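After this come two complexes, each holding chain A, first together with chain B and then together with chain C.
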Partner chain A sequence: MSRYLVRHESILAILLVLALIVLSLQSDRFFTVDNLLNQGRLMAEVGLIALAMTFVIVSAGIDLSVGSILGLVAILLGVFWQNVGLPLPLAMMLGVFVGGLAGLFNGFIITRFRVPPLIATLATLALYRGLAEGISQARSVRGYPEWFFVLGQGEVLGVPTQLWIFLACAVIAAIVLGISTFGRATYASGANAVAARFSGIPVDRTILLIYTASGLISGLAAIIFVSRVSTTRSDMGTGLELDVITAVVLGGTSIFGGRGTIIGTMLGLALMQALKNGLALAGVKGDGTIVVIGLILIATIIISNLLRRESDG
Partner chain B sequence: MIRTSLIAAVALSVVTGSAWAQTWTGGDDLPTNPLACDGTAAEAAAKPYDGGVPTNAPDRKGKEITVVDIPKLIGIGYFNATSKGIADAAKELGNVKVKTDGPTKANIDEQITFIDNYITSGVDGILFAANDPVAIAPVLKKALSKGINVVGYDANSTPDARQWFVNQAEFNGIAKSLVDNMAKEIGEDGAFAIVTSTFTTPNQARWIAEMAAYAEKCHPNMKWLETVEAQEDNVLSFNQATTLINKHGDELKGLFGMTSVATPASAEAVTQAGKCGEIAVVGLATPNAMKPYVEKDCVKSVVLWNPVDLGYAAMHVLRAVADGELKPGATSVKAGKLGELQVINGSEILLGAPFTFTKENIGGFDF
Partner chain C sequence: MTALIELAGISKSFAGISVLRDISFDVCAGEVHALVGENGAGKSTLIKIMGGVHRADTGEIRVNGELMHFASPRASAASGIAVVHQELLLFPDLSVAENIFMGHAPRTGWGALDWPQMRRRARELLDRLQSHHIDVDARVGSLSVANRQRVEIARALSQDARVLIMDEPTASLVEEDVQQLLSIVRLLRDKGVGIVYVSHKLPEIFALADRVTVLRDGARVGTAPIGELDERKLVSMMVGRPIDQLFPKQATKIGAPLLELRDLGFGSVVRDVSLTLHAGEVLGIAGLIGSGRTELALTVFGITPATTGEILVDGKAVRIESPQQARDLGIAYVPEDRGLQGLVRPQSIQENISLTVLKSLATGTLIDHRKEEKLARDSIAKFGIRALGPRQIVRQLSGGNQQKVVLAKWLATEPRILIMDEPTRGIDVGAKSEIHALMSALAARGLGILMISSELPEVLGMSDRVLVMKNGTLVAEFDRAEASAEAVGAAMTLANNASNRSGEAA
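On to the complex of A and B.
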């Protein structure tokens, strides 16, 4: 198994380097510090959620509701701050907390009522988006104070603020998934839940925590998103879950669970963002870019499946 | 699931309950300015230039410029028509290289990413139609700070994030035209519903707010039932319109389509429900999409401006800005075959009065 992981990630790393070389030959504006940092800014929200999604998918689950949680938290941030009149820092914390609750609710229906994650989060995808639209009453909240924009539009030591947050979270996620007991429990629950249960691993608690973390981090992404675009709308983050899942799956995490790493997710994410940006700079139109990303996703998975079959056989 | 649907039901009733107390859902909360019922022209108030200024823009006078056009979304008739107008104008000008690109869904974050990438690629000018006036502002300000000329059309951003905005028709003008046509078709006491894109899309929200104000002033007995969101999605618009027809039954006399997608989809829903002639559809749409329904007498009035002209004017405005001919404080601008266009509201350029397509004239248009 570990040999396979190394292989998939090496393929990805090689692909990423190749893509970077080809794309920088296509446009001299691609491989500049400015552009790369800017891309880091743009992918931070998807990246943050992809970290949590790696845990979710490794545990043989899926969380389709992340985009809706993002929308809900964004709206609540505005409502708590402007309509309820809470101080903005408190509103931000409360927003992230509600994101966590939304995730906890996902985990609760999945573990307590044994609803398959796909169905459970498909339902909450609609539920949370509906709540966001209902609560917002179709009004967007604007006029945030200047300091708030530091999070989404500002820089710390020349690097976009949210990129620091993303990198810090990535390191924590890599350590937790890679070497902690919780990480082991995640792999075990995803590989074989029944066996894990009989081995005394608290499968339900693990899954509950994973979905809660997914909600929390979606809430955090929402705050960053609002800060980046300086307004809240109830349709924020629509379709975001697909970008997140694409990055995770491209990163070699098995959709059947039990397999996947944070490094893989990071590589998948970087490859996806590099393609989106580089192809646009090279003059490929938006629709063409989506086609290329789709093809690359299929190609990497086929290649690593073939290699895996060879090494297994 | 029971728990889920219960919560959804509670949430839904909270929403609809509170909506009744206010003006029409889907409108914004900006002040409205309804026109006179008999169509007397409103007095235009003079306003100083409130647009932005690019920093250190190079001298582009007469030089070839690269321009990118980023509409709300690509692949729909309306924005195909505007990009045709933009391309026509670029060809006529001869010194502009223009390309249209954008998201395939009307999505703010994707549109922002597109603009960001084009700033990096180093274009001279950006034409845009905003999915959200505030969300798009930071990225447009970034373009201005890099010396790029920025002109909006169709859907505005906050004024200081762009230089000029080509206004296809004033909101109160469109609102009057839509409500008057609806009143003519369903009578002064008819009930109607609205199919819009999303409640926060700037144009649609503004029109709905102005329609509410104008209807209250000039057609006080008409009854607004509800406003539904349908993105700018064909299937969703059709489904939403069908739901409205089934839900309100005989009470529903008219449907407003607020987007070029919602109007034909609503007309199709009325046709398939066999309610042609019973439920009037009045809305904004491109003539080609509406021809089948207008010819079958299912739809009598389609309100719009000419989007080809809109794109054409936007391109001319951008060229005039790049050449330094259109400066803050100007009162009009030359736009090729369209002649002189007036500057209104400080930094907007008015395309003209809205146009109602009917069975008699729709055959003469092809876009």
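On to the complex of A and C.
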């Protein structure tokens, strides 16, 4: 397995380098420190959620509700602060907490009632989005204090604040998935949940924790999102789950579970963001960009499947 | 006798690795030719060449003296060769008749399916197999494994097979069904069908075969009429060295009670089971499939926690609600279904073995990879696992070596109570005797072993005491001395509840 992963990641790394070279030839504004850091800023929310999504998919699940959780938490942040009148730091914490609860609820439906994750989170995708829209009544919240924008618009040591947060979370996620007992339980549950249970791994608890983490981190991403765009609207994060899943799968995580790494997800994210930005700078329209990303996704999966078959035979 | 099918000088290699070298083999009309050998000896490849799945690199295949080149399974079937595979390839949601005629159903003049003819011919075929009780309209998924196998045989016969290749047909059958299958095979043989019979079970081979061909490491060791062989000789041909005893349970000192069950129950599948397992003892549990043996093991191991009764470990009452609790109490369970329950097959040997002991390999929560690798290396050496190294993927190992990995991962927890469910199912003679020797050694070290097995010789050979389960409860108990195949077999199928029980163990 490890040999295969190295290979998939090498393919991605090569693709990423190629993409960077080609894109920087297309536009001289692409390969500049300012542009790259700005791309990091734009990528942070999808990136954060993709870290949790890597765990979810490795455990043979899927979480479609992350975009809706992001929208719900964004709305609640505004409501808690403006309508309820809580201090903003408390409203932020409460928002993230609700995100965690939403994730916990996903995990609960999946583990307790054996609802397939695809169905469970498809339902909560609608549920959480509906709640967000019901609460917001199509009003948007503005006028956040200046210090709040540090999170989404500010810099620390010349690097966007949220990029630091993302990198810190990525290091933690890589360690947990790569070498902790919890990570091992995640792989085993995804590759063969029955055998994992028969080996004394608390499979249900592992799954429950993973979906809770997915909700928490979607909540955190919501706060950063609001801070970055300085406003709160109920349609925030619509369709975000597809970007997240694309990045994770592009990074070599098997949709059937049991296989995937944080490094792979990081490479997948970087490749996706580079293409989006680079192609836009090169004058390609939005729909063209989506087509290219789709093709690259299919190509990487086919190449790595071919290589894997070779190494297995 | 003329050969129905004759193979000469067959060689085959995959990706440069030679799996068959210069094999000659033939089957005559009206004979059972057994094909035996350890896992990996090349039996499956040879079958696939006869069945048209693989093409031989060199050598000739002749059917009725005519040189053939099978390009596909269809071509092989058209020449009258049918294969009954180990894992039955039926469609569970279709009827018996539909399965029998899948791909070659009779048609009416209009090209539509001729249902009346299909049902009538299905009936005739099943009757030929003395399977009058199978309804041709029944859904195949609702049939027992034994009946499904008959459907598969009928399917082979529906294509006018002259040669029937059976790949471990009794691997998942209980004793009673095995006997009936053997009589069906004899019936076909007497009608002039040539049968290639692949099996690990030596008693069947001696009961059935006219000739035996032994393969080892891709080469033919020899072909001999069954009359010239005995069990010992056949085994040494297969393994390449003599094996003294197939079931080497040594007498050990029986110690204190380790595990006691008192009126243990789970729903209606396990009822009022009371037993005591002592240190150094191998307690065999015999019974038909569905008698509640595995369910009892799952209840003790906490997969399906007990609903009534109590469990005592070292004389103290305990609650077991999860496999984690069972493990922490020193109970290990080597499950029935290796691929599903025992192993995470896409993962490495190392990751599989460490799965039960992750906590003790970790500093805080981070796994110490050197410790983990050392555990795997030690296990590979200790259990004689034939593998490239700790990082080899478990799926690539043979059945016997996979079973050793399951044993290794559970013995890593240093259990005192070991429950083994079908410990040697589907593994070859050499690995089987190694596992039996290991069980014996573990008992000698003071472990208590609860062994569930459908193989009566194994139960009789390995157990210090034999318990018989039927309808979810224990119906008979035998000491090693009084346990005979007849007595245990009769208790499995006939005994009324409690009529035969010679006394409560506790």
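We adopt the following convention: the second predicted complex is superposed on the first by the 313 of 313 C-alpha atoms of A that agree within 3 Å, B and C clash if a C-alpha of one lies under 4 Å from a C-alpha of the other, contacts with A are read in each partner's own complex, and residues count from 1 in each chain.
The rule is short, and it goes like this: a residue touches a chain if its C-beta (ideal position, glycine included) is under 8 Å from a C-beta of that chain, and two chains touch if they have at least 3 such contacts.
Quantities reported herein were computed from a predicted structural model and do not represent experimental measurements.
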item: Chain A as common anchor, with chain B and chain C clashing or fitting; value: fit
item: Partner chain(s) touched by A:158 [first = chain B, second = chain C, both, neither]; value: neither
item: Contacts of A:145 with chain B and chain C, given as first, second, both or neither; value: neither
item: Which superposed partner A:85 touches (first chain B, second chain C, both, neither); value: neither
item: Contacts of A:200 with chain B and chain C, given as first, second, both or neither; value: second
item: First (chain B), second (chain C), both or neither touched by A:180; value: second
item: First, second, both or neither for A:259, with chain B first and chain C second; value: second
item: Touching partner for A:131 - first (chain B), second (chain C), both, neither; value: first
item: Chain C versus chain B, contacts on chain A by residue; value: B
item: Gap in Å between nearest CA atoms once chain C and chain B share a frame through chain A; value: 26
item: Common interface residues of chain A - those touching chain B in one complex and chain C in the other; value: none
item: Residues on chain A engaged by chain B in the complex (per definition of touch); value: 27, 29, 34-35, 38, 42, 109, 115, 123-124, 126-127, 130-131, 133-140, 142, 153, 225, 228-231, 233-239, 276-277, 280-281, 283, 285-287, 290
item: Complex contact set, residues of chain C against chain A; value: 14-15, 301, 303, 322-324, 326-327, 333, 335, 340-348, 351, 354-356, 358-359, 362, 365-367, 369, 391, 393, 396, 409
item: Partner chain C, residues of chain A touching it in the complex; value: 1-2, 175, 179-182, 184-185, 187-188, 191-192, 194-202, 258-259, 312-313
item: Residues on chain B engaged by chain A in the complex (per definition of touch); value: 1, 3-4, 7-8, 11-12, 14-15, 18-19, 25-26, 28-29, 74-75, 99, 101-105, 107-110, 112-114, 116-118, 120-122, 132, 134-135, 137-138, 198-200, 205, 229
